[in-house]
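Across the two complexes that follow, subunit A remains constant while its partner is subunit B and subsequently subunit C.
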Partner chain A sequence: MVGATRSDRLTTAGGPSAARRLGGVANAVALRLAVLAGFLVVWQLVTTASGSIFFPTPVEIVERLWQTVFGGQGTPILDHLVPSVARLLGGWTIGSLAGIAVGLAVGASGRLRDYLDPLIHFGRAIPPPALLPLFLVLLGLGDVMKVAMIAFGIVWPVLLNTIDGVQSVDSQYLDTGRVYGATRADRLLRIMLPAAAPKIFAGLRISLSIAVILMVISEMVAATNGVGFLLIQSQRTFRMLDMWAWILLLGILGYVLNTALLAVERRVLRWHQGARRGADT
Partner chain B sequence: MPASWKVRTGQVVAQAPSSPRGARLRRGLTGAAVLFAVLEVLTRADLVDPRYLPPASKILATTGSILVDPEFLPEVLGTLRAWAVGMVLAVLVAVPIGILLGSSQKVYVASRALVELLRPVPSVALIPLAILLFGRGTDMKVALVVYASVWPILINTIYGMHDVDPVAKDTARGFGLGRLAVVARVSLPSAAPFVYTGIRVAAAIGLIVVVSTELLAGGSEGIGTWMLARSASGGERELVYAGTIVAGLIGLGLNALFVLGDRRWFGWHQRARGDE
Partner chain C sequence: MSATSPRSQVLLDVDHIGHVYGRGGRAEHVAIRDCSFQVRQGEFVSIVGPSGCGKTTLLRCASGLLQPTDGGVSLGAVPVAGVPRDLALVFQDYSRSLFPWLTVRRNVDFPLRHLGLAKPERAARIERSLDDVGLAGAADKYPWQLSGGMQQRVAIARALAYEPAVLLMDEPFASVDAQTRADLEDLMLAVWERHASTVLFVTHDIDESVYLADRVIVLSSSPASVVAEIEVGLPRPRDQIETRSLDAFVALRAEVARLIRAPRRA
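Showing the complex of A and B:
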């Protein structure tokens, strides 16, 4: 009976008015904006009322961030934002590519997975920031250390998700490929990789948020530039407004990166959702 | 030859998860032993500077010795205590709020928007603020663990409450149960696996946050502080390696506990496991 209701709902949702769906989207956007506005108003009122030096008002914070980015006085923000983003994306790209490549190889062979399973699980169990002291000792204070630490810290979720995705590939796809004479490389890259892509993207999203954390932490402990460095500097010199401006900047950075990855995912996996919808009807 | 390879891959992909336990264990141990041997040979044969990579046997021996070292154990306990207190507080805060927010459709949509707004701020960015507010002691660590852990638990609780089968709720109402009774006897049990998944995600994040704060706010006890001090002194590299291994063991131990709890309490629930 539940199944019947659900398919009813599906047909009504898939069928008629695009206008109604558009109205739904507009509603959701409006609600989101209302929540945002309400949050900002409450934040402004509470901080104004409390007058605490630790909690400046959101208006002041945004003003400060705006001044530092577009005001042209003091530290040019690009000198800090660019190195941060470069470390972050560098480490994330290296770690992701390594995770996907090794994951494809390991996932395609059940035996290899058996051999490596305990090691992979141990690697994942280390809380990523705990790697910092070791990488400091091995690679010093420079950019290489930060990129290497980010790459090593984020490789595990990508690796595990890739293995998982490859192993859950429908064996009919592989059989079909075999019948059509696909070579080993073809099957790896054109059957297993696309079929595992949804899971790989799930791993990439987890690893992106870990990469942001590791970028901030490594810059706080050992750096002379970067947003994490600015943040810890402003704390040490008790510049509250600056500190909040950098927190806001990190929030914006996290949001932009996540949105960009989601856009890529939606584009790359368009066939996937299409395929699912096709299977439903 | 190619033909047999093809057949085998087909079988392996289908069989991989169900290869016999004993064989898997044996292969896993073999893999670890091979890695150990390779690392040992690399350093003993002077292929890698032992100042960077001490012999694996030495690292293992050091790990064993610090695990019984009365000066090291309080650091581990300090880390675990801050983590555990923070997790308990986060559950006490997030689950009731999540139940309230998840019971209403409007509040559910609004709260999702708010959560999406706050989530991009990485929790470690708040460490400087927490240091100023709470000093460098355990309070600061606990406060940050609570902040970072509340979100995943809250989101999952709201989601779980929202996902309760309306037919089940109507049925319970039809049998004359009151609003509270429906929540307690239908909604809560149905949402419990989701809440548990949230706690499990939060546990990993909480551990990341505790170690991060310890790296930044020296002076407080904890495994992060200990490791950073060892790496700064530069002398005994194997101590830093050993500390990293202990951090991994802590992660493994907590993970095993959560898997055990999952199997014991929610073995019946498939979606909770799929949600990882």
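Showing the complex of A and C:
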């Protein structure tokens, strides 16, 4: 009797609960895939039934994208994808570095923050595309304009999140730094920066999706290459299937970039996840 | 027991300090009033006072983290302005004082980066101090992978590696369980004797203050001021069971308790 209860307890503690958790994960994945598959089937059925030239079927769209990427026919895709990604990452990197640097300085200094706060909030409130005409006049049609616009558009979420992160650094971390002879640079780079990193990454994620948007907009307005350029070209020449293929490509690009950033974040902030989990238990 | 000759030398001199938060304002709060005491070379001194009496403020003033509004502190006859190089502080809340983004080794290394040590000496100091606190095997773990008691050991190791002339401790064992606390007390005594260091230990626990110290400074309730200084004089090395069952220990404990509970002198 006693033996039976003990073995019962053992099985509930070990095997089935772990198996159930695994089963739960498998179920969740299966459900997600089912929803996705269902969506594609409905899309396929509706577009086939309608026969509209504006709405090609998903099978056709994927086929077209596949042909341009791997089939070697039509547009050489790398000639457009590479400049697009270069502009996007260039603008995002410059804007992010500027946002983090200025955010650290402003967040660390109460007085600077008081002075600059209204300015920063005003800057953030300007929709970046509204500045496109100005950037065109100032910087012309080239890559500099596009990179500058992306950088300007994405700097705000990074800046605000960095300021917020630095402000909410636990004062005892800073006291510890003071006790152990931390220099000003230590204070900024070895205490405030890592302590604010979780919030900074939240800002970087927002800014990455804004960067994709601005890349497309800037290429639609003034470019001779790039995925945004292809998109607007195909629309203007009524190549609807191409247009859908580029939309799909942009979706994939955004998804891949976001996934890559999440992977980096998980690596860099491993301590943060661990510390949070440690605090929970 | 520690040598007697350098004992006479005053290391930390807290001279008539007082601290008022928000002086002149509506929320003015007198945290400490006219506190004076001295810590001599090689001494283990504890400060005991009721909870919320201003012990932490007193220690922050003594460490140079906080500039007292009255009086002054000097360390080795040099007036303290900002935290001196020769002083280290172990905080009560280890989880907010160890950096969670650094491994144990790099946490202990943090104070050593600007001391101009050669690489091997730096590594040796880290090993030695982790060894001193019994955590030689945990160097590559992160603080959050350790128990509370082990985290506080890391904080102690970090302070030891810095080799300060005086080590200040702010209720360092207040948030660990009783058994761990006893272990950490004995660890602290062993480390103090081995390094012949000087320790100023703040606690609200009367037993702990008597058990550890050569001398107990008793504080009044808020605003904190020194009520009495008691020479402990219990034999060393001390032992959790033997020392605590000595008549002298029991008598000292009762005396400190009476002093803490006594109504304020006007």
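Please note the rule applied: the second predicted complex is superposed on the first by the 261 of 281 C-alpha atoms of A that agree within 3 Å, B and C clash if a C-alpha of one lies under 4 Å from a C-alpha of the other, contacts with A are read in each partner's own complex, and residues count from 1 in each chain.
Here is the rule we go by: contacts are C-beta pairs under 8 Å (C-beta built on N, C-alpha and C of every residue); 3 or more make two chains touch, one makes a residue touch a chain.
Computed from a predicted structure; not experimentally measured.
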### Message
Tell me the contact category for A:272 with respect to subunit B and subunit C: first, second, both or neither.
### Response
second
### Query
Now for A:36: first (subunit B), second (subunit C), both, or neither, which partner does it touch?
first
### Task
Kindly classify A:180 by the partners it touches after superposition: subunit B alone (first), subunit C alone (second), both, or neither?
second
### Task
Identify the partner contact of A:230: answer first if only subunit B is touched, second if only subunit C is, both if each is, neither if none is.
neither
## Note on the structure
In this superposition, the partner of subunit A with more touched residues, subunit B or subunit C, is B
### Query
First (subunit B), second (subunit C), both or neither: which does A:145 touch?
neither
### Query
Which holds for A:65: it touches subunit B only (first), subunit C only (second), both, or neither?
neither
### Query
If you stack the two complexes on chain A, which partner ends up touching A:172: first (subunit B), second (subunit C), both, or neither?
second
#### Entry: Shared subunit A contacts, counted only where both subunit B and subunit C touch the same residue
175, 178
### Message
Applying the document's contact rule, which stretches of subunit B touch subunit A when the two form their complex?
### Response
5-6, 9-10, 12-17, 19, 23-24, 27-32, 34-35, 52, 109-110, 113-114, 116-117, 120-129, 131-133, 165, 167, 204, 207-208, 210-212, 215-216, 223-224, 227-228, 230-232, 234, 237, 240-241, 243-244, 247-252, 255
#### Entry: subunit A - residues contacting subunit B, complex
1-2, 28, 31-32, 34-36, 39, 54, 108-111, 113-119, 121-134, 136-138, 167, 169, 171, 174-175, 178, 184, 209-210, 212-213, 216-217, 220-221, 231-232, 234-235, 238, 243-244, 246-247, 250-255, 258
### Message
List the residues on subunit C that touch subunit A in their complex, please.
### Response
63, 65, 82-83, 85, 87-89, 91, 93, 95-97, 99-102, 110-111, 113-115, 142-145, 158, 162
## Note on the structure
The subunit A residues in contact with subunit C across the complex are 170, 172-173, 175-176, 178-183, 186, 190-191, 194-195, 197, 271-272, 274-275, 277-279
